[in-house]
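See the structures that follow.
Presented sequentially are two complexes of chain A, the first with chain B as partner and the second with chain C.
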Partner chain A sequence: MTDWRQERTAREARLERARRHADGKVVPAARVVDLLEAILQPGDRVCLEGDNQKQADCLARGLSACDPARVHDLHMVQSGIVLPEHLDIFEQGIARRLDYSYSGPQGARIAKMLYGGQIELGAVHTYLELFARYFIDLTPNVALIAGVSADREGNLYTGPNTEDTPTVVEATAFKNGVVVAQVNEIVDRVPRVDIPGDRIDFVVEADKPFYVEPLFTRDPAAVTETQILMAMMAIKGIYAEYGIRRLNHGIGFGTAAIELLLPTYAERLGLKGKIATHWALNPHPSLIPAIESGWVSQIHCFGSEVGMDNYIRARPDVFFTGSDGSLRSNRAFCQTAGLYACDLFIGSTLQIDLQGHSSTVTTNRVAGFGGAPNMGSDPHGRRHPSDTWMKAGREAGGTGDPALRRGRKLVVQLVETFGDKLVPAFVERLDALELARKLNLELAPVMVYADDVTHIVTEEGIANLLLCRTLDEREQAIRGVAGYTEVGRGRDHAEVERLRARGVIRRPEDLGIEPLDADRSLLAARSIKDLVHWSGGLYEPPAKFRNW
Partner chain B sequence: MDRETTWKPVTLSTAPLDQSWYEASARARLAGLLDADSFAEFIGPEQRMMSPHLPLFDLPRAFDDGMIVGRGRLAGRDVLAAAQEGRFMGGAFGEIHGAKLVGLLRAALVVKPAAVLILFDTGGVRLQEANAGETAIAEIMRAITQVRAAGIPVVGLIGGRAGCYGGGGLIAGTCARLVISEGGRLSVSGPEVIETNKGAEEFDSRDRALVWRTMGGKHRRLIGAADAFADDTIGAFREAALTAIPAAPAFDLPTLEAEQARLEARLERFGDARDATEIWGRLGINDPAAVPGLTTEAFDTLLAGLPEVSHDAR
Partner chain C sequence: METLTFRYATTQTLPGSRPSAITGVVASGNLEVLLERNAPPGECRVEIDTAINGYGDVWAAVVADFVARRQPGGLTITINDGGARPDTVSLRLAQGARLMEAS
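Our next item is the complex of A and B:
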């Protein structure tokens, strides 16, 4: 007779072995290694929670301290490879196979280990893809997650950085997996229940609060006049033109400049209420002036941001907050919102090729994707219209019955022609291709594909790729805004002027923008201190961003 | 002190006097500080008096070598003024840069202006022309004492991105009055230099809050290293300069003895403190941790309640 409950039985056995290290559900930090060694079995699929912001770091240290003779050949399925321990476990033999999404700070080491064969790579995903696969073919046997506090029943308060936790727990707890949460403190009563206790098997009181990286804080003092010029062009030439109300911003200084120009430059253009009202966005400190000036209706967040908690708490009309008053973020929902409910994604990149493919990898770093490819893509499954979406669809044209034409999401790349250390952003061939060859990847790591990108904004102008009708036009439109890079100097001047006459390429003067007006005095805040003032003292920036 | 702080709205004004001193170029600072259109530059960029040393290092030069000197009027009175451009080589002193300021100070002895204003924005001496730079520092300090001895106030204004470091810090010490803003920093060794020599445990240069509470404007004002605290606007610096000029003490033996006594007493009282907040506590500030967050108004109120931070020395 078929046994339909093998997984359930295995789960019971794991819990049985682990219970002697716990007092009820509670496990002291000193017993983490014992606990993990009792729960884990060789070959397990394990999600060690970590993304671009919060980290289950106490559990990560515990896992890397396990005996590789007992815990080995794990298959790690997690958003972020961020902490050194995330890779140490591969060197130790504790883990063997990896499916992940983002590896920012460990990008160089992960490339080296992939190259050396120390990691058996499944795939590099976007956040949404990996979350999706949690429910199909990468369901974790064990999830090691992080929260702010828990009660003795296991009811978990994740705090403002809810992020991936609900998704990871959903996939694990409801498919016979074991969930272990590290928390900063055990309390009698949690401020709000983010994860009900019956989904949490063990709670570890961590030796120190979990780490959160202030990834989305951009110091206005570092915004350059070139970035301001590009932001002015984006506002006037794209936001105003298409009436963009629902949007997602990337993490760079260019988009921070746009946020800081809303209450000044965009206000003077009379755009308040007409653009940038509904956001899928982390709580960017640089958006505070726009929020305070009444520009923003609401924001849904992937995660939180260090120092923004009190500000968010005081602005519940704008942010999604719980009954306790603090932010409730959710990466999976916000990614979905960015994909299907936003009309524009705008972000930066390191390399763009002649067709508009872009990538943030260089030959010795595999930084992963995070969420940008989902934000920066045209969702073919979208069915609700908006003026912005329909206008972009009309511009894209195409063959067939116009009545059956769908809209287009705007995907904008905001790049200076020369990046850090004067490395050109425009290239004939992406480094991603070379990396894929070196590492034997089936799929080159492209962040945004050419068929998704609609506009490229540089300090030289805007290229509207929707209006290009041939591959050659597209190439010249890109060359036409590529400045003094090799790619830019290789342009066909006559063709570029023809494209400019058609409005495919628009220079600052075509938009009525005087480059000399691009001055830092246009920024609504010129320093982190200004942001604190705008927030009425509610924003508490981390020490490394202060100059007072 | 009440922990509740009133937060001033961030100005979106485009009027010149409302512009940030910290953000402004040296020329914009001079233009706003002095009476409108009154500034006349000596040895302007059109004369291309540039560093003779930088080409040896294949480094770009500036037509004014990062130092702008000239004469103008402040509330109708003739003054001489010098401004360092912190965005060119961190406002560092080189041969031409230094010589322009020495020349301006020596000219003061002849033209007898109502005051000489020095708009500091410097990391110290330019390493590529260190000997010339160091010599210039010494010549400038000597010239300042001569100008002050002739009864002309020399007032330093500190609030630029580069702060006032190295030899600039020494020169500032010889001025009759110093005005500083919150963003301004005044010291001799910079944060990175201290960390390199003494280790991150001694001074973590990346802890910016630590840097500012040790070298920043509020602390310098609280311990009497600066005499006036200004908001970070060109207008506020202008007002502070107008107040500082008549307040400048005579440069005579009693003043120097008072300064010596003041410095000795300060060392005696605070020499063992490990952090600026300890010093603030000893000064009688109830909530030292709140000081960095105070607005200029609240800070002025705080200062008014601390009589010993004002002095007639220097």
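Our next item is the complex of A and C:
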């Protein structure tokens, strides 16, 4: 007779071993290691919740304190490699294989460990792609997650940083897995139920509140005039040109500059209500002036941002909030929104090659991807038209009945030609190819593929790649905005001028942009303190951004 | 410290009547540009004092592009550079030319 319930039986055995360390579902922080050693088995697939922002840090410390003789060869499947413990466990032999998305804060160390063979890499995914695999071939056996509070039944309040939690729990709890949640406090009644208690097996009252990375705070004081110039070009040459209302922004200073120019420069151009009204975006503090000036209709968030909670509570017409009043974010839904319901993605990168492939992998840093490859791609499953999408589709050309030609998502790379320490952003060959060669990867970690990117904006101008008809044109269009990098200086000047005459390349002067406007006085807020003022005192910046 | 001097023939004289203008500051990653209307009409002279050696060819390319785009005939331009990136140099030069064009 076939036993159809082997996974259930195994799950029961894990729970049985673990229960002796718990009082009902509640486990004291001091017993975390015992709990994890009782639940985990060698070779388990484990999601140790490391999101873009929220970190299950108490459980991470616990896992890293487990005995490698008992807990070893784990296969980690989590979106963020953020904390040192996320990599310590590979050095300790507790974990062996890794499938993940983003590793910004650990980019240098993960590169070393990958090159050193300490991590067996499955793949670097985009968020939505990893979440998808949770339900197909990377279903966790055990999920170690984080929330703000729980009751004794396990009903969980995730707080404003819901992020990946519902997705991770869904995949684990409904496929015979075990879910352990760390919370900041056990309460009699949670403010709202983000995850029902029957999906949570154990609740650990953490020794300290979980760590949240303030990833989306850009101090306006650090925005440069070059970034302001580029932001003006993006607003006038792309946002206004295509009438972009539904969009997602990356996290760099360039896009922060755009946010800070909406109530000033874009307002002067008469664009209010015509652009940037509907967003898939974390609650960026730099968007506060635009929100307060009535530019923004609504924002759905992947996660929250440190210090923004009270501001969000006071603006429920703009943000998605729960019955308790606090933000409800959801990374999987927001990524889906960014993919299918936004007409533009704009973000930065570290390297762009001559075809327009881009990557954030450099020789000594592997930062992973996060959401960019998803939102920075043209979704072939999209079926609803918008003026923006259709216009981009027409520019891309094609033949046949216009009613059978799909539109195009606008995917814009906003890059300064030189990055930190005069490192050029334009290269003949991506470092990602070298990484792939060294690690024997079949596929190089490319962030945005050349056939998805539609525009490149640098301080020198805008290259509209939709209008390029040959590979040569494309290369010259890219060289034509690559400034004084070697790639830029290798341009064919006559061909670049021809592309400029056709509007494939547009310079600031072609767009009627006044260089004297590229001044910090054009920013709606010039400091974090200005943002606090704009918010009426509701925004509470983290200490490291306070200098008054 | 390195001093570079360039001299260009231009097809036009920069419009406007302002005798001089100054933009930017000498600071790390920034530069100060002084523009004076005291060169012959079809000529532009540029003198650069830079804190960083070895970028002469990049300076030559940046200044040549500026001259080609703006045709700043009649100007002497003196630059005190604190290690600015080429994009900052281009922006400052463009801003300086616009200041000089004001009546």
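As a working rule, the second predicted complex is superposed on the first by the 543 of 548 C-alpha atoms of A that agree within 3 Å, B and C clash if a C-alpha of one lies under 4 Å from a C-alpha of the other, contacts with A are read in each partner's own complex, and residues count from 1 in each chain.
Keep in mind that, in the parts below, a residue touches a chain if its C-beta (ideal position, glycine included) is under 8 Å from a C-beta of that chain, and two chains touch if they have at least 3 such contacts.
This one's a predicted model, so the numbers in the text were calculated from it and none came from an experiment.
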| item | value |
| --- | --- |
| Touched partner set for A:L229, first chain B, second chain C, both or neither | second |
| Partner chain(s) touched by A:H533 [first = chain B, second = chain C, both, neither] | first |
| First (chain B), second (chain C), both or neither touched by A:A525 | first |
| Partner chain(s) touched by A:F418 [first = chain B, second = chain C, both, neither] | second |
| First (chain B), second (chain C), both or neither touched by A:R546 | first |
| Which superposed partner A:S149 touches (first chain B, second chain C, both, neither) | neither |
| Chain B versus chain C as contact partner of A:T158, first or second or both or neither | neither |
| First, second, both or neither for A:E459, with chain B first and chain C second | second |
| Intersection of chain A interface sets (partners chain B, chain C) | none |
| Chain A residues within the chain B interface of the complex | 263-264, 289, 520-521, 524-527, 529-530, 532-537, 543-548 |
| Interface residues, chain B side, partner chain A - complex | 5, 7-10, 12, 14, 19-20, 22-23, 182-183, 206-212, 216, 218, 292-293 |
| Partner chain A, residues of chain C touching it in the complex | 58, 61-62, 69, 85-88, 90-91, 94-95, 98-99 |
| Footprint of chain C on chain A - complex, ascending | 224-226, 229, 416-418, 422, 458-460, 483-484, 489, 508-509, 514-516, 518 |
